[in-house]
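Please go over the structures that come below.
Each of the next two complexes has chain A plus one more chain, namely chain B in the first and chain C in the second.
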Partner chain A sequence: MTQAQQVDRKLSPAAGFWLRNREVLKKEFSVIGTRVPRIESKNKVTGEARYAADMKFPGMLYGKILRSPYAHAKIISIDTSKAEKLPGVKAVVTGKDTIGARYGLWRLREETMDEQGLALDKVRYVGDEVAAVAAIDEDTAIEALDLIDVKYDVLPALLTPEDAVKDGAPEIHEGIKNNISVNRRIEVGNVDTAWDKCDFVMSDTFKTQVVQHVPMENLASVSIFDSTGKLTVYTSTQSAYFVQCLLAMALGMKEGDIRIIRTFTGGGFGCKLELMGDAFCSALLSKVTGKPVRIAYTRRETFVNSRQKTSMKMDVKVGVKKDGKIHAVEFSTTLDGGAHHSYNVTTTMITGILGTLPYRIPNYRYNGRHVYTNLPVTGAMRGHGAMQPVFALDHMIDLIAKQIGVDPAAMRIMNATQPGDVKIPNICHVSSCGLQEAIAGSAERMNWREKYGKLPDGHGLGIGSYGFFCGALYNYFNTKRPYAECWVRVNQDGTVHIFTLMAEIGQGCDTVISMIVAEVLGVGLDAVTIKSDDTGIVTGDTGAFSSRTTMMAGNAAKAAAEDARRQLFIAAGAKLGLKVQDAFDIKDGNIFIVRTGESMTIAEAAMAHQNANKGAPVLGRGIFTPSSHLQEGTVVSPTWSFGSQVLEVKVDKETGQVSVLNSATAHDCGIALNPLAVEGQLEGSIHMALGYALTEICKFDDKGYMINANFQDYKILSALDMPPVDSIVIDTDDIHGPFGGKEAGEGLTIPTAPAIANAIYDAVGVSIKSLPITPEKILRALKEKEGK
Partner chain B sequence: MKRLIHLKVNGEPYEVAIHPYRTLAEVLREELDLIGTKEACKQGDCGSCTVIMDGKTVTSCLTLAVEAEGREIRTIEGEAKNGKLSPVQQAFVDHGAIQCGYCTPGMVMSATALLEQNPKPTEHDVRMGIAGNICRCTGYTKIVEAILALAEGGKK
Partner chain C sequence: MRLPKFEYLGPKTVQEACSLLAQHGDKAKVMAGGTDVLNVMKERKIRPEYLIGLRAISDLSYIKADADGIKIGALTTLTDLANSAVVKEKFPCLAEVPMKMATVQIRNMGTIGGNLCNAAPSADTAPILICLGAKAKIAGPKGERVVALEDFFTGPGKTVLGKGELLVEIQVPNQPAKTAGAYLKMSRVSVDLAIVGVGVVVTREGDSCKDIKITLGAVAPTPIRAKKAEAVVKGKKIDDALLEEAGKIASQEAKPIDDVRGSAFYRTEIVKVYTKRAIKQAMEQAK
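This part shows the complex of A and B:
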């Protein structure tokens, strides 16, 4: 079979698969699968939505944080007396005003918890928190910062992992030898004996850069200690629960005495997931002053003092059979973690898992190590732990395909992960998977067969694939709560109130959770109100990360709605003369007995329930916590999304400038619960991922100071830079997801960087193995190529 | 020293005492409680704080409030009238052009000014018209679609 035929063979099933599932969808659901504009659209488009920095309270003070000018230094002394005397200053706090507690996301392993709200004895990066001021206005607070006198003993700054791991390098965290804090290893099959059985082996080194999430809304919090000693924090966050728990640790309080209210949150992408200086310092200052305190980060602070994406250096070795079948892969990966762990204890492991997800790899070895450096803290970012290894492996596949004369798309289809695959035993098991269809579908949409390798010089086509979590299962946070929790109350007027803690940060989960509940209860979305912002109500939900929203909060919401529905059925059954053999149906706001057609409204059923229960309302409760059975099978995620992207580029050989002319992406997100939102995720992902591939990088000077923490020098693509975005939805009805849904938020960012590298390789024959792929790198490579 | 200035915002007259170095964005947000105007960079790079002054868009974070004296200022709060969204706002809702919503007010003001100056823009005109507004969520696709729908006399 020729390669072209191999591609063809897969084309029609893709289309058929898609249509078949669409048909099923139309019949079964009334709300699920429809294109629903987000339910909070009007609040946002009118400007009435209040974000954290918009919150204002009587007597509120304004806080500012003093940050370290050095990348690595001991604090000798801090004199705050001058600052305290400045008129308008109400409090100055330093590490000495804290309880000195350490906290971190890996509460399961105490030794990994390496953060403190304010530095006690040393600073570890330029921008580390040293002191904080509360004053009557921001100007006064800024002026006071200048009056704080800090004496430092400057230590050598370790700005690269290479320097940090050298023998004799100073320890950034005491007791961490060579600054290597985490080592993770994965071994599948037998890599050592596998190389001999390969027909072709290639090794190379790939590097990815530090980028920042850049949510349009900067981080901000308002903390209010009241006279009873309880704390309320209004904050912009992806996880009110994490902030609540970590704040309790940092302040030495009970979690139950802290209430976190998530305001409208203007994006997060991973950098608003943990306890940051805005929440911690405002809480401490509020405690000291007894007043509400607001701290709003500047853009520089969001860039430097929230989180950044982990840069990696990956030594990769790939062996294939002569037909293109992958036989063995080995990754040795070094993660530059910056000054603290943040999410990187996890990242060091999942990078090893996610690199294997798109393709079948019978023999696989991963060695990952996390290195502390004196740079800003890196951690989780959209496409967490996947964008880096997939860039490396997926570009490597094209380099190999060229060498052995196999079509890259055909090679991907041949190697693609399939439903039921066990990627890593007991860690990564695949349930539904539409990757083959996705590769074929995106290739077909872009006329791969006609165009690949045949475009004029300077034009090229490239493909990339991906797979991603639908929520992490491993309980590193050591939560005692459900992974996700939801209550659904049906009121006697027929309205439905949903209570959850899953964070709406712009990804659309308030809408999709409302859709799920409306579907189960047979009501329209106009009957539904959702409250998802307050730890004072529902307490279980770790938040919006790891693409867990639809899977976990969605399943909890579905279970809660089903519980409420059961209560409605019981109340209705008593009124409608139910017989043992009878079945109910619920739709359009009514409950029916199927046999007789007898019906009552949901409002009447809710009233009947209340009359029979001394007024207690219908209240359904649902949780999602993975069962031990599930955990044995797949420790990492219940199921996985998959997909593929093809890009067409033009490379200007004079300037090295890359223009992306067209794109097609096929995404297997299970059943697309809200296709409008899925498209939005795709379009946003490709924007962010093109920046990652081509323009975005956090740059530091030789002292560890970020020199481009602004929008002039940090290049985010504008509306003029975007290619047409075409999406193909590959529906696979997943058994784990609510109504078959899987993630759509992060996986889509993964394929773009390798697709760009591959398209440039097709266009001008140079291979760029470090991100971002700048014009300078392309020109240099072209020059080298000509020189040969 | 503070100075008394008179502003006309969304048709309403305001009198505020401010330091002359206060920006229009600060005065709108802090003095007038018009928090719909957002600040994301305070350097005039991201367009989140875009308002319309005498028919033209300005980044209110780079405009001193004293410069706005005697001018007609329009902010997002004035776009919906009598509980009815403006055509641009409605198109943003219908087309799914909103995600986190933080860039939305500035984006709506840029789109509104664009359509007032050029009622039938091409796609390139639209992209040019919002090139000064950064959005990190949508990839601009649905925003461009929403504006183009109005340009073609489409869905209001």
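This part shows the complex of A and C:
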């Protein structure tokens, strides 16, 4: 946001909506709300940052994984003898060398844990891990893979949910009938009696595709078992904690005997959130060889063997009143989970929650079912559980608006969720919500009123709205530790050290956590150092997912800094002779008595504390467990972000090509703690979500092999394809967030696909109900419409 | 992905390169910029024992104008082709092509010779060069020969180059007055191979098209001329109906397949539209 826009936001009461935010903007902060470039950016742009694949240790071996060529097969035998004899090969391991433990994310529900480090008896997708080799270099390891002789008994491959649920279809996981492993249902109001009270009802089917997260850095790990039997793993991950716990389960070790060090992480978006083959196989190979072992994924492996985004087929029925008020929604979806559960046990539920978040739906029924197929594993990805249902519902709104003659933006404002709404009792309660402001703000910025319906043929405007978690609270993982823990140490020289396990993966949380601590302690960012990469130090944080970083780790950091500040105040009070009626303030590195102005530096106070405490430094501890923070009942997320996006497109009617000409996005992230980061997230989100809407899709052949696992054939957008991006930050000052902040990580990816579909519908009058919206689909639809 | 092991040979002259090629036969592969060949090696689709790098041959990168036209050394990078003043002046439609290809980094490495010898049906430099009547100069153990670029390609990844032969030069002849061209490329995103490429060169006479060549890329095993469409347009006054007709006929001449980038249906449709648009654009340039 430029300076001018910031002023504009404060002064113009856009449609009378900003009023609620006035109070907030009056607050005085010195660090919070300033535009801070990422604190680790210099390490990255100079090349001094070391990523997992850059790690080298004396005697280190290189590992490679042998993967199944079949989508579904029994393993009859594995002969590794030839590979073992190849000079340079130090170890070959198969499922027999594992303890055969099953692990998974839902530790509270053991029956959902369906993964094993290496296949024991069966492979379930093309690429499933069958064996692993450690050798003196990667070439030798690759060569050794060819020498492993695996005999398979090939089973029928189930490549679509339709095939997988058929009676008599083979069970991909034993005992899971029809391959349907999860069913979830949500009921609000009474849908069955609601349809009669609607003036207009529409039903349709929508489909979304499988895509991959495409982090710029591929997955990689270096594992080191030392002679005491303890394990250290350097890895590129969003959650050192999950890797630690899952590795302990998979290897039969104690969590405390495993130390995970997160190296600089080049993006994750959900595909580096679990235990993958790189960490598991390198650890096993290190155990066997006693040497450090590195496994770095290729791009194909990141595409196929980390995670992919869940595709869905969604049947949607929406009933509205004459004026456009939504009265009832019935939403049924089938998730194609691929070969294992990953996060989809959760996805099957949250799809039903996130679909309803933007709008008030008095009568709502959701049915979700998760189906196993013999394809790569799908799971969490940025916009998790929201991009699919919101694409369907938010496009449907426009189809209905057209039918009943209501302006789509007005229809959204009329139905928008508002502060204090109870969306789903005991599951989804809203605290702050700036959605109406966001819809009005983004529409106004794009001159909706002047332009909508009045653009030349082939040009169109489209809008999409969304809401998202700020840290889901399901304790499915049975976390034995607090949701977020942070320590803040103030040193004798006035420097401040932060210890957290929240993962900086490129989203800017090291920066925002440092800003929060600096604000509380009245120091500049240059006084702060953050350590966030080591389970050997602070353990209590589950990592970067579910847009939880600012809410969870931010609150923990704030609490820790406040604890440290309290200790400083006590030490300073003793020195300065504080009176009962006096209050302290802390600013610019100084602690001072508000009434007299008497002061001492933070360094002096830290020293005074140590002198008074047998040398113990000022060490603040902060814990954040959101449930204690909430009204009873709001069990899914402490609060929710909201927002709205408007896009202008041009469609070439002869080729079906879509150009995005302009965009404006209004995001309610509570208070924008670091506006620069919010804008960066927005740009990244549009980039990612336009790919999702227009070009990205994982394609498989009829044997389940992914045919486009490279950047020549799988198309993400480049900078050249980016439209202008304009952002409007809606401040709602949330009561739960640290300094009122909410999330700005995932929510922003949600509105783009429906906004594109809506803009195309406005431009050329065709509705495309399956992603990605390729020129070919548009062209076919146009031809059909014109009866050609 | 890592490269498999190979031995790198760096001949200093064309003759040396040709004899190394002849000597090692199928075990050797030529590398110019390497932007195609190294990728397929990483994927282990080919595993040459020897890679014969052409970079040390100093006199293969040039653009020279003479009385007949211009001569482009095979090792000329795509960037140099785009920036060349004489190409811009004499054949602006050719100078524009590299800017529709790849990325800055790839254009700085990738060569025109590599693009042609790689013989992808989608090679972007081929259609317009074929329309311009370009010729390929080939050097080999038995000396040099020159073939029309139109006859250079024999299939996907296949050319007329025989054992021990190298492409050394592309010759583009001078064009008649009032001649201009256009190359239209359809791709999924900015950095992508062509789903369809349509090159057109026209010679204009008043409002009529005196002469025309149309070459289609990515819709057949090699770049192909759309000769029936050319015949429809040649010698006629250009109007919308004729352009529609030409597009339709060109699309019938295309023999596209479904692949990961696009379907045969879509390719056919785009040939129709882009042929029409390219002729129109070229006619305007030729005024």
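Observations
Everything below uses one rule, namely that the second predicted complex is superposed on the first by the 756 of 788 C-alpha atoms of A that agree within 3 Å, B and C clash if a C-alpha of one lies under 4 Å from a C-alpha of the other, contacts with A are read in each partner's own complex, and residues count from 1 in each chain.
Methods note: contacts are C-beta pairs under 8 Å (C-beta built on N, C-alpha and C of every residue); 3 or more make two chains touch, one makes a residue touch a chain.
Just so you know, these numbers come straight off a predicted model, no measurement behind them.
Judged by the touch definition given at the top, the superposed model places A:T298 against both chain B and chain C. Looking at the shared chain after the overlay, A:N218 reaches chain B, while chain C stays out of its contact range.
In the superposed model, A:S77 lies in contact with neither chain B nor chain C. Of the two partner chains, neither chain B nor chain C is touched by A:T228. Contact with both chain B and chain C is seen for A:Q712 once the two complexes are overlaid on the shared chain.
Of the two partner chains placed around the shared chain by superposition, chain B is the only one that A:A677 touches, whereas chain C remains out of contact.
Of the two partner chains, chain B and chain C are each touched by A:L720. Of the two partner chains placed by superposition, only chain C is touched by A:P775; chain B is not. In the superposed model, A:Q581 lies in contact with neither chain B nor chain C.
Shared interface residues of chain A, touching chain B in one complex and chain C in the other, are 298-299, 712, 716, 718, 720. Of all the residues in chain A, the ones that touch chain B in their complex are 35, 37-38, 40-51, 53-54, 56, 214-218, 264-267, 269, 298-299, 505-508, 676-677, 679-680, 682-688, 710-712, 716, 718-720, 722, 725. Chain C meets chain A in the complex at residues 1-2, 4-5, 39, 103, 186, 188-193, 260-263, 265-266, 269-270, 273. Residues 29, 33-43, 45-46, 48, 75-77, 79-80, 85, 89, 92-96, 98-105, 108, 126-128, 130-144 of chain B are the ones touching chain A in the complex.
Listed in rising order, the residues of chain A touching chain C in the complex are 138-139, 142, 298-300, 654-655, 657, 695, 699, 707-708, 712-713, 715-718, 720-721, 774-776, 779-780.
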